[in-house]
Every structure is written in C-alpha cells, then in structure tokens.
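Note that the chains are named A, B, C and D in the order they appear, and that numbering of residues resets to 1 at the start of each chain.
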Amino acid sequence: MGRLPPPDKLTELLADVAVMVRPQKGKGRVADYIPALSQVSPDRFGMTVITVGGEESSTGDANIPFSLQSITKVPALILALNTNGDEIWERVGKEPSGTPFNYLAQLEAEHGIPRNPFVNAGALTVTDYLIDRLGNPAGAVRDFLKIVSQTDDVWIDETVAESEFGHAYQNKAIANILALHGTINNDPDLVLKAYCRQCAIHMSVVALTRAFLPLASGGFSPILGESVVTTRIARRVNALMMMCGMYDAVGSFAYRVGLPAKSGVGGGIVAIAPGVASIGVWAPELDRSGNSLLGTLALEQFVQATDLSLL
Amino acid sequence: MGRLPPPDKLTELLADVAVMVRPQKGKGRVADYIPALSQVSPDRFGMTVITVGGEESSTGDANIPFSLQSITKVPALILALNTNGDEIWERVGKEPSGTPFNYLAQLEAEHGIPRNPFVNAGALTVTDYLIDRLGNPAGAVRDFLKIVSQTDDVWIDETVAESEFGHAYQNKAIANILALHGTINNDPDLVLKAYCRQCAIHMSVVALTRAFLPLASGGFSPILGESVVTTRIARRVNALMMMCGMYDAVGSFAYRVGLPAKSGVGGGIVAIAPGVASIGVWAPELDRSGNSLLGTLALEQFVQATDLSLL
Amino acid sequence: MGRLPPPDKLTELLADVAVMVRPQKGKGRVADYIPALSQVSPDRFGMTVITVGGEESSTGDANIPFSLQSITKVPALILALNTNGDEIWERVGKEPSGTPFNYLAQLEAEHGIPRNPFVNAGALTVTDYLIDRLGNPAGAVRDFLKIVSQTDDVWIDETVAESEFGHAYQNKAIANILALHGTINNDPDLVLKAYCRQCAIHMSVVALTRAFLPLASGGFSPILGESVVTTRIARRVNALMMMCGMYDAVGSFAYRVGLPAKSGVGGGIVAIAPGVASIGVWAPELDRSGNSLLGTLALEQFVQATDLSLL
Amino acid sequence: MGRLPPPDKLTELLADVAVMVRPQKGKGRVADYIPALSQVSPDRFGMTVITVGGEESSTGDANIPFSLQSITKVPALILALNTNGDEIWERVGKEPSGTPFNYLAQLEAEHGIPRNPFVNAGALTVTDYLIDRLGNPAGAVRDFLKIVSQTDDVWIDETVAESEFGHAYQNKAIANILALHGTINNDPDLVLKAYCRQCAIHMSVVALTRAFLPLASGGFSPILGESVVTTRIARRVNALMMMCGMYDAVGSFAYRVGLPAKSGVGGGIVAIAPGVASIGVWAPELDRSGNSLLGTLALEQFVQATDLSLL
C-alpha cells in the first residue's frame, strides 16, 4: 500500500486530479427527483484529504455545503452502535443486497429484516431505533457531525426534507413493510419524516472529511484528541462501507478505488484509507448507479497516484 | 345443469344445509386482525337464495347485517364500469394472480399494474378511479347497494374503517407502489381511507343477495324492473369472480362449487348461478385462504343438492 | 344457458364462423421455436362440435391431424387420476399460476410443488407419475386417445419430439428443480423426453373433440357406451381447464368464451360445454399468450351464436 | 496495517492459532451432499502463510491434498482473463449477488447474465468460455495450479466429479437457463461436466497458498520469478474475492478478517494480504454459509495477531 506525499504536494495532486476529471463533466446527471437537488450547479467540484495526523489539503469548492443524503446513514449507524453496541443487529443484517430488481420481495422474503444499514430499509430501521433512544435522530446526527468536524456550518435544509418526504412513495412502501413485520416500532410516516430530515443535512466537503477521519484511525479523532467510536465499531463501519457503501456499484468501486466509502445522491463521496487518511469529494453529476460520476473518477485517479487501494 | 326446487322446498333445503355444515364450526378462525371484526360471534350463520324470478328463500341469521369487506370490490367495480366501460382496464388487468408469495414483487415487475380488480392493489385502483369521478366511493357503493337491494339498512361502520386503516401496513405499501407507478392519481392515504370505508359497509345476507341478483340475470334487476348493468358488464364481472373471487382458493372453489363468487373476511360469500339465482351466505369463521369455512361448505352442499355447478 | 341448433343448422353455423374469423388471418404467428411446427400452413382451419347425444358437425380441415402439444396434458392427467384418484395431488396443486414472470422463483418458493397440472412443471410431474405406473406415458396417452376417440389415426411424431427435446432449455431447468425437491422420481432427462413425446401426439380436430366428449357428459362416453372417468374426475378436470387451461389468458377467455378449455401451441383448442357438447378447433396462428388466435375467435363467435357461455 | 513476524515466530503463531480454534471442532458440518466429500475426517486442520518474499510457514495437515471445489473458480477466472482480458465481462457481472433466496429468478430477471464469476452461474459461464478457447478447462486449471505452485501433486478426482455431476440438479437448472439466454454456447451437460471436474481438483494447503501468492504481489510470482497475471488482473480478482468470495457471508468475513478470500465446500479458504502474503487454511467442517468454520476462525485469529485486516 502507498503513502501520501507531503501537504504541499498533496494539494498539488488534488488540483491535478480536478483538472484530469473535468473533461467528463456533462456525462452524468444531477439528481432531479426533487427540485431542491436539481438546482445545484453541475460545475461544482471540491475535494479534501485529511491524514490521520490531522493535516488537511483541499481543492475547489471544498468549503461549500451540499446535501449529504445517504452519506448520513454512516453517522446515524455510528450513533446507534455507540448507544448500544449490537442491539441494532437484531433488526438489520450486515451483508450486501445485490441490485434492487426485487427489493421489496427480498424484504418480504427475509421477514422484514433489511439486508444492511445502508439500504433504505436498513437506514429507516436505524432511524426508528434512534427515535426510541435519542428522540430526534436528524438533530442528533447533525450535532454529532458538528462536534466531530468542529464545524458550525452544519444544518438541516427543511425544504429539501419536505420535498423528499412528499415524493417518497417507494420509501413509504418500505417503511410500511417494516412496520408490518415489527422491524420498526414507530409510525412509518414519523420514521420516514425523521429519515428525510437526516438526509437533508448539509455540510462542506472539508467538514465531512473531518467528520469521517476517526474511521481512518481506529475510532480516534486527532481533531478532538479522543476516540469517538471504539476500534471495533470503526472496523464494522468500514467493512459495511466496503461491502455496501456505493449502491449497486460496490464491486466496480472496489476494483477502481479499493477503499471503503459512502456516497449520496447529493454528489458527495467520502472514502477511508485505514491508517492513512480520510478523503472527501463532491461533484453533483451522478452515474447510472447514483454515485457521483466525477467523484468516483477523482478517487480513482487519486488512488492510482498514491497507490492507496487496499486490493 | 340443475334446477331449483319450489320456494317451500328451497327453504327446507337451506335449513338442511345449515344443519349439515354445523359440525364444522370451530375448525376455522374469525378474522382477528382488527378488534371490530373479532367481536362477531362465530355461531352466526345465514343463507339466502333469490331466483331470477325474484323469489327469496332464507335460513338462519340472514337478516343480521355484517361487514362486507372484500365483497364490496364487486359493486365498486360495477360503478367504475358503469361510469366509463373500459377505461379502468388501462390501469388494472383481468387475470388471476396466483398466490401472493411475492405480491409486491409481482406488482413492481408488472410496472404497478395490478393483476385484477379483486386483489387489493386492483381494488385500490378502482377506488382511486371512483374518487376522481364520484368523489366519495364508499358512499357511492353504499348507495348503489341500498338502491339495488331496496334495503335501507346498509351503512358504513366508521369504527371498523378507522381500525382497518390504522393496521393497514401492507395496503399502505401497496398504495404507495401504485402511486410510484402513476397507477393511482390521488394521495395514497386518501385512497386507502376511502377503500377502508368501502370495505366497512354492512348489510344483511338477504340484502346482499338481492344486490347481486342482476349478475344472475344478464344485468337486469327483477326487483327494480330495470337493468342496473349491461349484459356485457355482468358477464365481465362474473368471469372475474369465477377466476379471481375467492383469494388463492379459486381453483378449489371452482371444483367444489363451480360458480362465480366473491368472499370477504367478514365471513360473507355471494355466488351467482347465471340464469338461475343469486346465493348469499354468511358464517364468520374463515379457512386458511380467508374464505368463510362454513359458507364454502354450505355452497358446496347446496350445489350438490341442486346440481347447479357450471362445471 | 343456450341450446344447440339441429345438426344441419349447426354445420351451417360452423361454416359461418369459419368465414367470420378468416379476416383475422395473418395477425398471429405460427409457433416457430421448433422447425417441425413452423412448417404447418397458417391457412389451416378446422372446427368440430359433438353433442352429448353423439351428433357430430364439422367444417374445414377437421380431419387433418395436427400436433396436440399442451392439449395432451388433459388426457395425461386423466390417466393419472384414473390410476389412483388423489395421489397426484400430493405433488401438484390445483390453483392458477398467474403469468410466469418469475416462474422458476415461484416453483422454488413453493418447494418444488407446481401450481397446477397444466403448467409445464405440473405436466412433467404427471409424466413422472405415469412413468412409475404405466412405463410409457406418451404411448399410454396416445392409446387412451385412440380408444376414446375410436380413431386409428393417432400417432407420435418422433421428429417433433426430438426437435422439442433438443430446444427445451427452460423445461430442462424446470425438470431439474423438480428433481432437486423430490417432486419427480425419475431422471429429469428421461421425464422430459417422455413429456416431449406425449406433446408430439398428432390427431385431427374431429378425433380430438370425440376424445374430450366424456368431459361434457359427466365422464360418460356416448361413443363407447360407458364411462371413461368418474363424474368427480370429469368435474375436477373441467375446473382445472376453466382456471388454468389457456396459459396466461384464462381470465380473458372466461369472459370471451366462458367455457373450460385447453389449448396447445400447435394451434388446437378444445372446449367443454358441460351437459351440452365438446367443441374442438384448429388454426395454427397463435396470439401473444400462445393460444390459437382464430381458434379463440371462432369459439367466441360460436358461443355468442348459441349462448353457451357459462357466465 | 500490520506486519508479519519473522518465519520462526510465524510458524509458532500458526501453531497457536491451530490450538485456539480447536475447541470449536464439532460445531460445523462436513459437506455431505456427495459421498466423496463426506468421508473426509473432520479432524483435519492445516494452515500455511507465504510472504511475498517467498517464505513459507505451515502447521498441521498442510501437505494433505483436499478437494478445492469453489476455490477453483479463481484460477479459472484468471485463465479466462489471461486469454482475452475483458471479453468475459460481456457475459458475467462484477457485483455481489446477495443471498440466493431467489437465485434463478435473479438470473432470469437479469436476462441470463450471472451477477459475478464466483456464483455458480458465473463459474459455469467461465467454464463455457474456456471450453471454446482451451478445450479442456478442468485440465487447464489443474495445469495452471501445478505450474504456479510448482507442485506435482495436483489432480482431478474423477469419482468426486462424477458423483457431483450426478447430484447437480440445481446447477443443471442454472446451466439450462444460461443456454436459454445464450450466455453459454456449449451443451449445458458438457459445460456442467467440465465444471464438476474442475471443482474436483485436489491439492494441499501449501500448494494452494503458493498458487495464490501472485495475487498478493501484483501478479508477480516470486516462486517462478515472473508475472503470471498483470497487476490489473490481480487487482480485479482481489476485488471480486473481497466482494463475492465467501458465499453469503462476505460482509461478516470483511468485518472479521478484512481480506479478499475464496472458500470452497471442501473446507479450504485462501486469503490475500496484498503486498504482504498469501494465507491458506483447510478444515472440513462448514458453517451455515458453507465456509470452513475453523478456517474462518483461524484467519480471524491470525489477522488479529498480525493486524493484517485491510479495514
């Protein structure tokens, strides 16, 4: 496995990566299923690397907040695991799900137990779990991200949340199947609303990359000077990101990038090089799997240049 | 095909049938997924036959109103077909669905087009159609049943409707999948509420059997002295009842009874002997397919005695 | 229900029907998945009606033998039921299957028990059952058809059988799933070969209609002067044809024709009007469901003219 | 990431691991679906580590040949990729499949394209590909393993192969679905026979670990002094093993061990620590997912002691 160059060279490398991926702009599509997301400029591109030593390097729009969407499934899971280590695993699995050609059938065939916490059914289950323990999951996730990133500029965009809730037919179906099987305890609409608010958390690439840094250093935050999760939880989360973090392109991502990562339809991806660094990227155009097109390319270029792939 | 005995013999026959099926009491289960249904006495048994000439014969609790539940899917479909003959078929199929081991998957694989109007997805689609055309589907179905049966004692039990809506996780999932595919136009919760109210219509076996009589006489109501549907619609509805009217026991029912029929989890069944009679029965205990256990047996006995099976 | 006209009028009616459906020629497709079937002229059309009194009326190519294909599932089932009434039902169901969007999944989800004896999985199971009891199912079915129709010109076309076996990938998959679950006892290839030979039986519409006549008269053959099946078996077979006899168009057929029937991809259909007549038709072009296009239309016209629909 | 101890300490560590896992003996089950596999003693345990520098350390039954079974899917894929880099990807995917609750349905829904080369459908496709290019895939895989491991004691157990072929109903169904969709070109039985022979290759843990060593060093074989695959192919194979190598326990294995690996029902597992070592283990008892119970435990212990997990 590779090693990172010194900070100034690293910033240069990130700028080079930004240039290299630019020609692919226009080949993806900004998420348009809700108006709030579709209004983001496809020209945005920001990237940040933070070493386990705490050194930060960035390029482009790394300080502009964007909608985290599915990336929030990771801090939500961390909060659930921090609350009570293994209880959540009675209600959600840890295995990849394959592509969702028959997602609802799979959920029914498996008695309402979602395959993992990063498919929507699993994330809704984590939200339901957090409602019972923390009351306001979206607020708790936002506060956790604020603290771990030491950034104030983290907030819930209520317009995005409401717009998402209004169009969430598929997720409403899923939430009701979960309720039918007793996987969730709270009212399906209540759980879904909380989930949509959590997804609507906004923060910048720099802040996001900081917030994920503990996963690269066995749970320890060099910024806070203390552990925010146990090493065991950090490894569990990394394993889940490796196997289930990139929708139905995890196999392709493992080959191209070879790092655990989580993406969101807002165009963000955050990847973990265990023992080395946390790497965040944001570029709104998505590929057909719903992952940031330029973001994936940028990670691929960066990993090639630094030999950071684990595989 | 057989012929019915004269009225006095027919009443005797119905009384005999009631005696014959009685020993099977206790072998089924009254529907208990909502409290309102579970409180009905399992000892109830009523049966009515009305010939196309308008002669009525009854036995037992034939004048006590009960919850029609899925039986209301038939008058709802009739209203939709009366409104605009064939438009509804753009959104719902006409074929049996097989057992529902993967009902939601089937619905998704078939692009949100329900297999037929008597599966819940199809009935919800009919309700949505009626909302756009008649405003208040449950009220319209109730009024239609009142008029055709010439009975005042037909009403919506709002407690049953609300209880049903509160527990309808599976149907909420289905309604949202229908909305996702654009099969329904109205808000899924609105459609589901209207559907639950329609299912909560109560009327007696006598009144129910009257209301279905036109299906036995090519659409003509001997009670009203006029046609309530065209012959073509009557045949369409009979064909759908024959193929899809008894949940996942249509094949077994075709062999045992051999008549088009529709059942509901309230314990009612109404069967049609085309050209001969309408036959209603009510007995709250259900078999494993959700059809009235004694009701099916009673129809089987009656058909054997009269040789009315079509097959 | 209607009544048939006298023999001379009936022959006239059949000739009229043949004229009425002719304009639809060219709108279907002759089965072409095996060369032997694709060579049949699309211009063929034959139709026969035989009353329960034994009077025969025909039109067109009613004396030219054609490939029965799936129609043979009916006599094969009759042989199994005649051998030992109800044993076969431990291995095969009696309910319609819905369209086969996920046929193999359904078979696996239901532990290798086919939905009914007329889907291929069910017919293979009947063949396996007959191998154990009669040795040579295809020969036994052929001999049964010969005897009941009192016709010598009934034979197995071995070229068709071999061609079919060579292309039967889907059926080989099904046979192996049946073996996996212990639904069939014999080698899957052996069962499939026997099944392909059974499907390759050839006979004329006249002979076929004769062979099915007992199903219209409670099991009694007016030709032989004796019962060939019990009334109970005849009713069971009619119920299965009503619910499962026309591939995934049983609902549409019930509305348009309203009689129990079985079709084959050779272009044949035979329908039963219980208590009245057996009706056979042959026209090679198939509709999208695999049923004879002109054959279905001819039955529809015939039933309209005679008011024979059960519904 | 960790570092390996010097050779003598490493041998000690392996002996310690063998002692630590021993108490779990008896909690799994030796594969018994074919007699030849069920006769292997459950007491066998062998483990080998070979560094990218070529240093070998072993413990226990590391020199006793056993049946590789699914592990052979890896060298077969390597041969296909070496033949013509990317052609095979037109017929097989690169993503995990989820658990196989509806494996055949998934295969049909995805038009006969297997999810990845390590599910049986994918491996059969690779075999078909190799038949067209190398004639005798099982022999070619055996010869490849011989050469790369520099071991003569590598052979095909024809009894195992025949026994497997005779019971392979599920795989026969799969092969026929592949033929139906044109994913395989050769006769399904021919492909399946070749596949069963390939699975029946026997070699020792030491030899197996040698054969996989190039995957730990970017394709270079320190034993042969030359590359046996390109770095790109080595990374592709590692990514596939990481995501799809341990049946439906890849997520759990990623957490517990954190290395790309491939298992077989013969009880073998071989794992890759990129840049560090190849690690093989053999213990016949399987867990519920079909992976070696003690083998997985041994890898978990070893990785904990050496901190070799990638995650």
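Convention: contacts are C-beta pairs under 8 Å (C-beta built on N, C-alpha and C of every residue); 3 or more make two chains touch, one makes a residue touch a chain.
Nothing here was measured: the structure is a model prediction, and the numbers come from that model.
Enquirer: Give me the step distance from chain B to chain D, shortest route via touching chains only.
Expert: Between chain B and chain D, the shortest chain-hopping route counts 2.
Enquirer: Just how far, in Å, is the C-alpha centre of chain D from the one of chain C?
Expert: 49
Enquirer: Need the CA-centroid distance for the pair chain B / chain C, whole Å please.
Expert: 32
Enquirer: CA centre of chain A versus CA centre of chain C: separation in Å?
Expert: That pair's centroid distance is 57 Å.
Enquirer: Would you give the residues of chain A that are in contact with at least 2 other chains, written as numbers and ranges?
Expert: 102, 105, 109
Enquirer: Pull out all the chain pairs that touch, please.
Expert: Every pair of chains meeting the touch criterion: A-B, A-D, B-C, C-D.
Enquirer: In the complex, go through chain B and note every residue touching chain A.
Expert: On the chain B side, the touching residues are 102, 104-105, 108-109, 169-170, 172-174, 176-177, 179-180, 188.
Enquirer: Show me the residue ranges of chain B that touch chain C in the complex, using the header's touch definition.
Expert: 1, 93-99, 101-102, 105-106, 109-110, 115-116, 235-236, 238-240, 242-244, 248-252, 254-255, 258, 260, 274-275, 309-311
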